[in-house]
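One chain, chain A, appears in both complexes that follow, with chain B as partner in the first and chain C in the second.
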Partner chain A sequence: MASVVKREKMASVSEMYDVGWEEMRDKLRKWREDNCRNSEQIVDVGEELISEHASKLGDDIWIIYEQVMIAALDCSRDDLALTCLQELRKQFPDSHRVKRLSGMRLEALERYDEANKHYDAILQDDPTNTAARKRKISILKAQGKGTEAIRELNEYLEQFVGDQEAWHELSELYINEHDYGKAAFCLEELMMTNPHNHLYCEQYAEVKYTQGGLENLELSRKYFAQALRLNNRNMRALFGLYMSASHIAASPKVSAKVKKDNMKYAAWAATQINRAYKMAGRGTKENKCSMKTVEEMLESMQITMS
Partner chain B sequence: MAEPELLLDSNIRLWVVLPIVFITFLVGVIRHYVSILLQSDKKLTLEQVSDSQVLIRSRILRENGKYIPKQSFLMRKFYFNNQEDGFFKKTKRKVVPPSPMTDPSMLTDMMKGNVTNVLPMILIGGWINWTFSGFVTTKVPFPLTLRFKPMLQQGIELLSLDASWVSSASWYFLNVFGLRSMYSLILGQDNGADQSRIMQEQMSGAAMAMPADTNKAFKAEWEALELTDHQWALESVEEDLMSRELDLDGMFSKELPSGIF
Partner chain C sequence: MPIQLTSQAYCKMVLHAAKYPHCAVNGLLVAEKTKEKKKDSHGEPVLCVDCVPLFHGTLALAPMLEVALTLIDTWCKENSYVIAGYYQANERTKDSRPNQVAEKVAARISENFSDAAIVMLDNSRLTMSCFEPIVLIYDHHENKWKSREVTFDCFEDWSEAQKITSALLEGRSYENLIDFDNHLDDLRNDWTNPVINKSVLDLC
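So, the complex of A and B:
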């Protein structure tokens, strides 16, 4: 009862932002293309679009139903998800894509066995269907069966070596299991297929840094530098460069030349960090104090080998 | 020698030239939609999909292997090319060359292609030739030799007529090829009305090896991978990076986006 009243009182999206239905539709399309997962926003915009302007959307409405349904599952809006699913089922009765959506709804309701049956049916009909296989792996992940999920995902990747989303998922699963070597392998695949993506370089460097050991630290420093070269503004990579360089410099096993080089790198990184904070604090009175804080932070991050 | 200018009846322009353009265009559009209706689904087997992806991965390894550490590159190269159990050495796929006689789906595809494209062209060409015969339709802007006369002046028995003057049948064929760009504009790329592209495909398809010949592809990939060396792109990355200050311009100047729009 309370939720119904609340919905009536809330202003519609079009009123709040003063936009027409075309802008809402274009925004949904942009979110689809960018693969954003802002489910609450999608539900707000999409629900209004399909309830008020369904006739004007034409054939776009089916893909919007799919997008809104998945977002609704994220937000626990089972009613909305069911409505969208029923519309899609009416229009595309034999579609594998719609069957996958029904499976996803069952997953959201935690009816995993039924969902598995759905996906098995799809796979029997079409063994090359990647979506169904990936959903089965997500079920294992949702049930907390990490090692089984890893095994299934490995089998999947043996067949479909080019699936980048799967490689990334596998690297995450390995990191959760603390198997950093294998996670690094997966990230290498991603780095090869996307050589200009600074985020993969940075993640790889972080994994290498976590693995530890002099060789891995050197590699991590190199890849942090590469991430910075690809994107000068990656602050995480900048801090990573500082940490890895100072870690190597503080290690007792290195030669004097390596120590000197790494201290030079660390010093350079520290200057850049200072510059960045200075730019961030431009125009505020606390600039001088915050600069001192940054200096202290950098000093405290120095690794001391005991 | 001064060329006597032929003055054509303007009715020819109205009742011959324009109708032929419309007919050709409409027939092309109809062909496009018919080809969509008759399209058969291509079902790929799991093995084919898997193999094509493996080949892509190996190619990426060759091209972008320089972005991963040397050890990793060698590990992957070993996996693919190892003498005893490297992937490319070990995997032999059963290859059945799909000749038109044995593979029924290819036969129906070829038939459909013929029916949709060649048949209408012949029929309509012949009909136009029969309907609009006996007069000259248009003049091509460049001079042609006499050898072209029998080809382009079907039905006009004038020995002294310049070869540049052509009959309606040749105007029809001119349209068929000329309207290709119009089809791209209206029906989008890769449309079923694009005859010359289809004929090109048929010609190159006969000369190209069958796509299912994965063994040859594997062998080619093995050779290419053997030849690749690892040139680490990150040798001097620190020097490159630290040669100048970081470009932090505009990093903090943008307003944070508020709300959805």
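So, the complex of A and C:
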């Protein structure tokens, strides 16, 4: 999406939030570690940190330049991105990592052919450079070439089979192409290597549910339940359990026992959902409406499904 | 029957898109439920008074969409609203065509509301000043979704919508916009967006 043009900054970040430079630096680190894409905030904090406290940052400044540069690209702040890039080029003249950032800047300017040349040059020098390969795939994605992106990513994963970020990206690409079977396969890989990750379980369940059919619904119910076992506050898993169990119970193809079991699961889920809303609504007037709405919704669904 | 957008409906759609520039976003448009269906109500516009932002990122999965549709439908009944349309902003700047997800959801909405419309946001024209409307409106004719010309008549009051949306974008109100995804992350997040609604009212 085209970024909106930045407005003039009125007050400094440190003034507005009464924070010192160390807190700003720590915030940036947290956002780096959590891989957050809150680019406007990163630009606000990072730009001020760089322009006013550069000398205090020590060697941290280089990784901060990188982080702020990428955020600046997201916000169409090519001026800031170029400043950061030039500092990095000066400090690390032959670095592939910096060359990749140059490529990203070209991508942001939609100069994809030039960007590809940058990445090809890196790969000539170092065929195992995963970052450059991923950027090339991102360019395909940006150009709307979903099928080609999928093909390239599959080839990449044949070589780098342990790259979780890549498996997750591939699952998303497949979902966007409505190829739910293949998306499920990617998530299966992720669940195998991350058995305690409730999010992968829950996403797998959602894909199975979307695929449809009784078998997939039963599988989805099992994985929503598994996600809940791993994290009992995952609302999507709770709602998913309710929905899948309700649909199974309502299916004319199931035995009486399966119907009864699934009605039990759905009833349990409904209780948990109501309880969760009650907890969330404690003390607030508005959320009491929300609770009532949910109760009514669950009741109305029982009626239509039975 | 053409749809018309109030300032509140329009600006919340734009704020949703602005909050997640790197994602696709979608949501529902709601209209007030009219008591009688007049015989000559064909041609009278349906006023979409509000919108409910739904998801950002992956739009093509069914379960949470079903939950949202059912929950919002219940909420509509309590408030004498009806779900009258669907909006979507695609992930890529230059892509503003309705896709399979949009058509499927709109078809679902059409089961309850025969003149449901698809509103697509044209990302490439999104600016702070909002000097022109950035929506494309699609109606279902003869089994196809056809886009209609967007004029200022598609808005209850375009200059008000423009003024309010621009002000809220400048003030970064989109940071506080809540969609259904945010609600699922933390149930205390209110997808009816009372805070933003109040800001809109204050600017009217």
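By our rule, the second predicted complex is superposed on the first by the 280 of 306 C-alpha atoms of A that agree within 3 Å, B and C clash if a C-alpha of one lies under 4 Å from a C-alpha of the other, contacts with A are read in each partner's own complex, and residues count from 1 in each chain.
What we mean here is this: a residue touches a chain if its C-beta (ideal position, glycine included) is under 8 Å from a C-beta of that chain, and two chains touch if they have at least 3 such contacts.
Quantities reported herein were computed from a predicted structural model and do not represent experimental measurements.
**Student:** Check the residue A:Ile248 against both partner chains and state whether it touches chain B (first), chain C (second), both, or neither.
**Tutor:** A:Ile248 contacts neither chain B nor chain C.
**Student:** For A:Arg236, using the defined touch cut-off, is the partner it touches chain B, chain C, both, or neither? Pick first, second, both or neither.
**Tutor:** The second partner, chain C, only.
**Student:** Quick check on the superposed pair: does A:Ile175 touch chain B, chain C, both, or neither? Answer first, second, both or neither.
**Tutor:** second
**Student:** Give one of first, second, both or neither to describe whether A:Met192 is in contact with chain B, with chain C, with both, or with none.
**Tutor:** first
**Student:** Can A:Gly162 be said to touch chain B (first), chain C (second), both, or neither?
**Tutor:** Touch partner of A:Gly162: chain B, not chain C.
**Student:** Once chain A of both complexes is superposed, is A:Ala276 in touch with chain B (first), chain C (second), both, or neither?
**Tutor:** Both: A:Ala276 reaches chain B and chain C.
**Student:** If we overlay the two complexes on their shared chain A, which of chain B and chain C does A:Leu73 touch? Say first, second, both or neither.
**Tutor:** In the superposed model, A:Leu73 contacts neither chain B nor chain C.
**Student:** For chain A, give the residues common to its interface with chain B and its interface with chain C.
**Tutor:** Residues 276, 279-280 of chain A touch both chain B and chain C.
**Student:** Sort out for me which residues of chain B touch chain A in the complex.
**Tutor:** 44-46, 49-50, 53-54, 56-57, 60-61, 64-65, 67-69, 72, 234, 237-238, 240-242, 245-248, 251-252, 259-261
**Student:** Please give the residue numbers of chain C that touch chain A in the complex, ascending.
**Tutor:** The contact residues of chain C facing chain A are 17-18, 21-22, 58, 60-64, 66-67, 70-71, 73-75, 78, 89, 91-95, 100, 123-128, 169-170, 172, 184-188, 190, 192, 194.
**Student:** List the residues on chain A that touch chain C in their complex, please.
**Tutor:** 1-5, 7, 37, 40, 74, 142, 144, 172, 175-176, 178, 205-207, 209-210, 212, 220, 235-236, 239-240, 243-244, 276-277, 279-281, 284, 286-287, 289-290, 292-294, 296-297, 300-301
**Student:** Which residues of chain A touch chain B in the complex?
**Tutor:** Spelled out, the residues of chain A in touch with chain B are 13, 16-17, 19, 23, 27, 41, 44-45, 127-128, 158-163, 185, 188-189, 191-193, 195, 219, 221-223, 225-226, 228-229, 232-233, 238, 265, 268, 272, 275-276, 279-280, 282.
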